[in-house]
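Two complexes come next, and they have one chain in common, subunit A, joined by subunit B in the first and subunit C in the second.
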Partner chain A sequence: MSAFLQIFLGILTAMGGFVEVGELVFSVGAGAKFGYSLLWVVALGTLGIILFGEMAGRVAAVTKQPIFDWVRERAGFRMGLGTLLAANLVSLLTCAAEIGGIAIVLRMMSGWPYRLLAILTFLALLAIVWFFAFKWIERFFGLLGLLMIVFIIAAIRLRPDWHAVAGGFVPNVPAVESSKDYLVYAFFAVSLLSSIMLPYETYFYASGAIEDGWQPHEVPMNRIVVTIGFVLGSVLSVALVLIGAQLLKPLGIDPQWPGAAALGPAFTMGRVGLAVALLGMLFAFGGAAVENALTGAYNTAQFLGWPWGKWRKPAGAPRFALTWIVMLTLAVLIILAGVNPIQVVEYSIVFSVLILPLTYLPLLMAAGDKRLMGAYVNNGPTKIAGWFFLGLVTLAGLFALPLLVVTRGGKL
Partner chain B sequence: MRRAEHHSRALQTVVVAVVVAALAFAIALATFLPANRDTLRVNLNSIGTSAAEGLTLARGDDESRLTRNFYDVELELLRDDLAHVTTNLTHARPLPELRGHFAEATALAGSASGALRALATPGASAESVIAGQATLGSIKARVDSLKQELER
Partner chain C sequence: MKPADLRQRPPFFDVVRMLMDHQLLDADYVECGKVDDVEIEITDDGTLRATAIFTGPGAAFDHLPGWMAAIAKKFFGKRSKRIPWPEIALIESRIKLRSTSEALGLDPADRSAARWIAKLPGAK
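Our next item is the complex of A and B:
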């Protein structure tokens, strides 16, 4: 395959796989509650995920070691084990939320019972991960997730005030009705940042680089794919914020379910827009469910030194295969137990921000190690940006849980 | 290596401390404190948004922008939310001065659920749909004024 086609597919896959159920709910909710004023968080989060995504891909391409190798090596077994358990818990919750989101979307399309659809979703995902090669899993969900572009068209058709939209990219505190709304604003800022910088994205990206056999000479390609793909993906997040601000806020709707986002395409393009939006959500959530199940298996296998990788047949990496099967099984059991998937999303997003510093610290130290990385070591600006974002996510992590409790999940 | 281990230990200690403190606060809030204005406000927000979304869905259905399955499932999810709100309000132990407000909010949640059911009934007459929309409109207005009262 030509390098150009590889870059093009990589960009489209990164874009199509950018949004998952948590980001969808928080982006639309942020727009519905605070108009355009949280757009700067989307921009900030996108810069952060580009920075650490690129770093994860670069470290993997140069050292052939994924993130949890570094976590164990740099943080020690005991400390690393804590990070592994926390990361896998968050991936499990996120996977459960995605499966619940898929079942809701399928129900909106078919009218079939929710629990039956959750089971069918589980079986379909199991079959896809079992039979598809890594590259095809990535491309299948990433490219079909591009149907989410319908949200960008809807946002444009809703005719936002572009001057005000541009103003939203500058950090600001909006005029609110009550002093408690400032806490809700802070909760949404932290949650939106976390939903864009979800830790599984870097784990999965680094493991994927090794699955695809990246070499050091592919580091520039990694940089292009991450930067353009994630920037284009963030346009989807911006579109979701605009739909919340332009359509739902004036109507007084504070979206509780993913279906509220689909009202944007439905009210601008009718039933065709609605159908494309639901399909886009289906594949975007499906991709995130698979990525989280695999991430749990990658992390565990890498940390404990088991053979891993989709390029191996399940018999060649049985503990790795068993772990992703267990992740998917536990996730569907959480949903079948009747837990509200959107509440699961809230918890997974908030707990994600708590473990972000634990993930990014070893990565930042590995990428900044001259002996290890040679010519590919972090340069000055990357080092400064890396430590800035590490400080930022640590600060966000300190406030995430108290804000969740005080604002009652942003519903105050 | 040792420096990274030290930093990781410090970060993990902070994370565990934050989780424990927040959980303790949440449990104390739910167990020992009576339901206050914040509890009422959260539930009023849910009632108001369900009514507003119900109205929007009805408009979308009138204009043939939505599919039947999408419309019915969305209305059902909103009714589930309202059932949850009703349970919360019924089991709450409100401050004495807020008892009247809690009772009114419970009644509003019940009315909103009934109005959403009227919209969703297959083959519902135009009159019942219009009545359902009117009910949701008045519930939304009352919720907004109750929230303003709470702010004072």
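Our next item is the complex of A and C:
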């Protein structure tokens, strides 16, 4: 395959896989509650995920070692086990939220019972991961997730005040009515940042780079794919904030369901817009569900030293295969137990930000290790930016749980 | 770096950094566990010498606090395998062994799971 096509596909896949149910709910919610004023968090989070996504891909391409190999070597069994359990819990919750999100969207489309749709979703995802090769899974969900572009078109058609939109990219605290609203603003800022910088994205990206057999000479390509793909993906997040701000805020709608976002395309493009938006959500959530199930298996196998990888048939990496099957099964059981998927989203986002520092520290240390990385070691600016974001997510992590409790999940 | 080179490199060999928790690969380059413990002996002249490595849940769980180790061993077993030093072919970021994992008796769970899974369509 030509290098150009490879880069093009990579960018589309990164973009299509950027938004999942948590990011959708928090982006639209941020717009509906605070207008454009949280856009700077989207920009900041995008910079962070580009920085650490690039680092994860580079370390994997150069050392052929994925993240949980590092976690195990650097932190040892005892500390590393804590990180593994926390990371897999977050991936499980995220996977459950995505399956719930898919069932909600399917119910909107078909009117069938929610639990039946959750089971059908589970079976479809199981079959896709079992039979498809890694590359095709990646492209199937990534490319069909591009239907989400309809949200960008809807946001433009809603004719936002572009001057005010630009102002939202400058860090600011909006004028709000009470001090409680400041807490809700802080909760949304932390959650939005976390939903964009979800840790599974770096685990999955690094494992995927090894699955695809990246070599050190592909490091520059990795940089282009990550930067352009994630920036385009974040345009989608911005569009969701704009839809929340333009359409839902004036109507006083507090979007508690993923379907609320689809009002944007439905309002501007009618039935076709609605249908494309719902399909886009299906594939975007489906991709995230699969990535989280596989991430749980990658992490576990890499930490315990098992054979792993989708490039092996299930019989060649049996415990790896069993682990992603268990992840999908537990996730659907959480949804079948009747837990509200949006509540699961909130918890998964908040726990994500708690484990972000545990993910980024070993990555930063590995990428900055000259003996290991040779010519591909972190340069000065990357090092400074890396430590800045590590400090930022640590700070966000400290405040995440208290803010969740005090604001009752932003519903104060 | 070959084990023989290590022995000629006094005075220090950082066992924790270079061995502990590193990935094991068998003769076919298949992952077969992590280095969960290292056996050290004191020779007659008072120097320390690594004589074997251990891999398996039993050895790994010993790094957990007592009560956690007891629970973990109850659920996941206390199996661990001693791999004598001469079995090590190469020490890099990953540690390569001279024999296959089957010959060494590593990962019996993987082989029984593989037999079971191989019966399903699309598994091979």
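Just a few scattered comments:
Keep in mind that, in the parts below, the second predicted complex is superposed on the first by the 412 of 412 C-alpha atoms of A that agree within 3 Å, B and C clash if a C-alpha of one lies under 4 Å from a C-alpha of the other, contacts with A are read in each partner's own complex, and residues count from 1 in each chain.
We take it that contacts are C-beta pairs under 8 Å (C-beta built on N, C-alpha and C of every residue); 3 or more make two chains touch, one makes a residue touch a chain.
This one's a predicted model, so the numbers in the text were calculated from it and none came from an experiment.
With the two structures aligned on subunit A, subunit B fits next to subunit C without clashing. When the two complexes are overlaid on their common chain A, residue A:355 makes contact with subunit B while staying clear of subunit C.
Touching more residues of subunit A than its counterpart among subunit B and subunit C is B.
Using the contact criterion defined above for the overlaid structures, shared-chain residue A:76 touches subunit B and also reaches subunit C.
Shared-chain residue A:411: touches subunit B; no touch with subunit C.
In the superposition on chain A, contact is made by A:304 with subunit C only, not with subunit B.
Once the two complexes are laid over each other on the shared chain, residue contacts for A:65 go to subunit C alone; subunit B is not touched. Legend: residue contacts after superposition of the two complexes on their common chain; A:322 is shown touching subunit C, with no touch to subunit B. After superposing the two complexes on chain A, the closest approach between C-alpha atoms of subunit B and subunit C comes to 7 Å. Applying the stated touch rule to the two superposed structures, the overlap between the subunit B and subunit C interfaces on subunit A comprises residues 73, 76, 80. Across the complex, subunit B is touched by residues 73-76, 79-80, 82-83, 86, 104, 107-111, 177-178, 180, 251-257, 259-260, 262-263, 266-267, 270-271, 274-275, 278, 354-355, 357-358, 361-362, 365, 394, 397-398, 401-402, 404-405, 408, 411-412 of subunit A. Those residues of subunit A lying in contact with subunit C across their complex are 63, 65, 69, 72-73, 76-78, 80-81, 130-131, 301, 304-308, 313-316, 318-319, 321-322, 372.
Taken together, the subunit C residues at the contact with subunit A in this complex read 20-24, 30-34, 36, 55, 60, 63-65, 93-94, 107, 109-110, 113-114, 116-118, 120, 122-124.
Taken in their complex, subunit B has these residues touching subunit A: 1, 4-5, 7-9, 11-12, 14-15, 18-19, 21-22, 25-26, 29, 38, 41-42, 45-46, 48-50, 52-53, 55-57, 60, 64-70, 72-74, 77-78, 81, 140, 144, 151.
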